[in-house]
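Labels run A, B and C following the written order; every chain starts at residue 1.
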Amino acid sequence: MSGTVEKKLADLGITLHTPAAPVANYVPFVRTGNLLLISGQICLDAEGKMIAKGKLGADVTIEDGQKAARACAINLLAQLKAALGDLDKVQRVVRLGGFISSVPSFVDGPKVMNGASDLMVTAFGDRGKHARTTIGVSVLPGDAAVEVEGMFEVS
Amino acid sequence: MSGTVEKKLADLGITLHTPAAPVANYVPFVRTGNLLLISGQICLDAEGKMIAKGKLGADVTIEDGQKAARACAINLLAQLKAALGDLDKVQRVVRLGGFISSVPSFVDGPKVMNGASDLMVTAFGDRGKHARTTIGVSVLPGDAAVEVEGMFEVS
Amino acid sequence: MSGTVEKKLADLGITLHTPAAPVANYVPFVRTGNLLLISGQICLDAEGKMIAKGKLGADVTIEDGQKAARACAINLLAQLKAALGDLDKVQRVVRLGGFISSVPSFVDGPKVMNGASDLMVTAFGDRGKHARTTIGVSVLPGDAAVEVEGMFEVS
């Protein structure tokens, strides 16, 4: 019973890259007890290229924002694999925090964030259902359109 | 010794409705160990109508923002009841995150957020005193004026 | 083996003041199990004067923003001391949330936030390396340039 989550992702064409470590005095994840906290992940693809830059409501469509949120979720999965070795050790996706770079009139952040939530449930099934907070922010690191952080219960 | 918190709320004229489940791949709350994480609650009333729309510093007064924050707190209580059955099982309100939809010049977010904090202490007394982070954001889901998320220690 | 972290800070000329309690229905920190959650700290100095006001990208340089982030981190340390008595009881800095008051075009929040992260590693060494989320927000309480919240594993 190991590797089943990663196999499911592979069937979807999603392969998890080895994530780059931050070039600063912080780390991608910290475990405390059975909780794993993962740093905010911006919408970079496996090659480190930004999926979507700029703001929802101006530069980025909802559909492209959803792809960006999905990319953030894939980066969370890549960090989970780096932390745990095996994604099957995830007992529960506890909470996702979704940050949507938005012009002040863009009220559809939750639709964008669904791109991340849907991938978690695809990967983990019922264990992937999480508490979630979505907010529209002024701007994100590197002008990313979306950033997602996560809290996970792990074994 | 059950139902005392809910009775106190009833004395204040606050009845907790059965909250609607999110229509997406996330859930209103997740328990991990003795921690309960509740998704960000926007300022909807018991009928699902938005209490205050728009931004502090432009469309919404501080007083109306406080009412909106209080509504978010009531929605947190409704989720707690759905999760626990009995609000007396709340051992401690650990942390509230307060998100105030603000024009860039509105610096009184904490006054607004007091509407949520005050209700927690009214409901739970000293156990209701929480760590808190308040920030002013660009925009919130559905143009809500206020959103509040919570972490609780439960038995 | 007590007082070593505080001695290191004193060698750097950093003395921790006794922090003022919030004048509202919340508290600076809450402990649940081995986790300590600390409320968002704005960039006040030991005398309660704001280190930097306004927004990155307009009123505040990156260098001044870093000093502001460092001040937020010092305030987190002061709260840790108030909570624990001895900073050596910190087992791990688990997570920092960094909120940078930003004009919508300011994309260098992480550089600013390094001011807080660096101090944590200076104080605690490897135990100071944390998960981190940095976002650019519309506005912060009292027009502070930076706010930082923290989650700590303590003994």
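Everything that follows uses one rule, which is that a residue touches a chain if its C-beta (ideal position, glycine included) is under 8 Å from a C-beta of that chain, and two chains touch if they have at least 3 such contacts.
This structure is a prediction, so every number in the text was calculated from the model and none was measured.
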| item | value |
| --- | --- |
| Interface sides of chain A and chain C: same vs different residues, half threshold | different |
| Size of the rotation, in steps of 5 degrees, that lays the CA trace of chain A over chain B | 120 |
| Centroid spacing, where centroids are CA-atom means, of chain A and chain C in whole angstrom | 25 |
| Junction residues of chain B, two or more chains touched | 33, 103-104, 137-138 |
| Chain A residues touching chain C - in the complex, by the definition given at the top | 22, 24-30, 32-33, 37-40, 55, 97, 99, 103-104, 137-143, 147, 149 |
| In the complex, chain B residues that touch chain C | 33-35, 92-96, 102-110, 114, 117-118, 120-121, 128-138, 151, 153 |
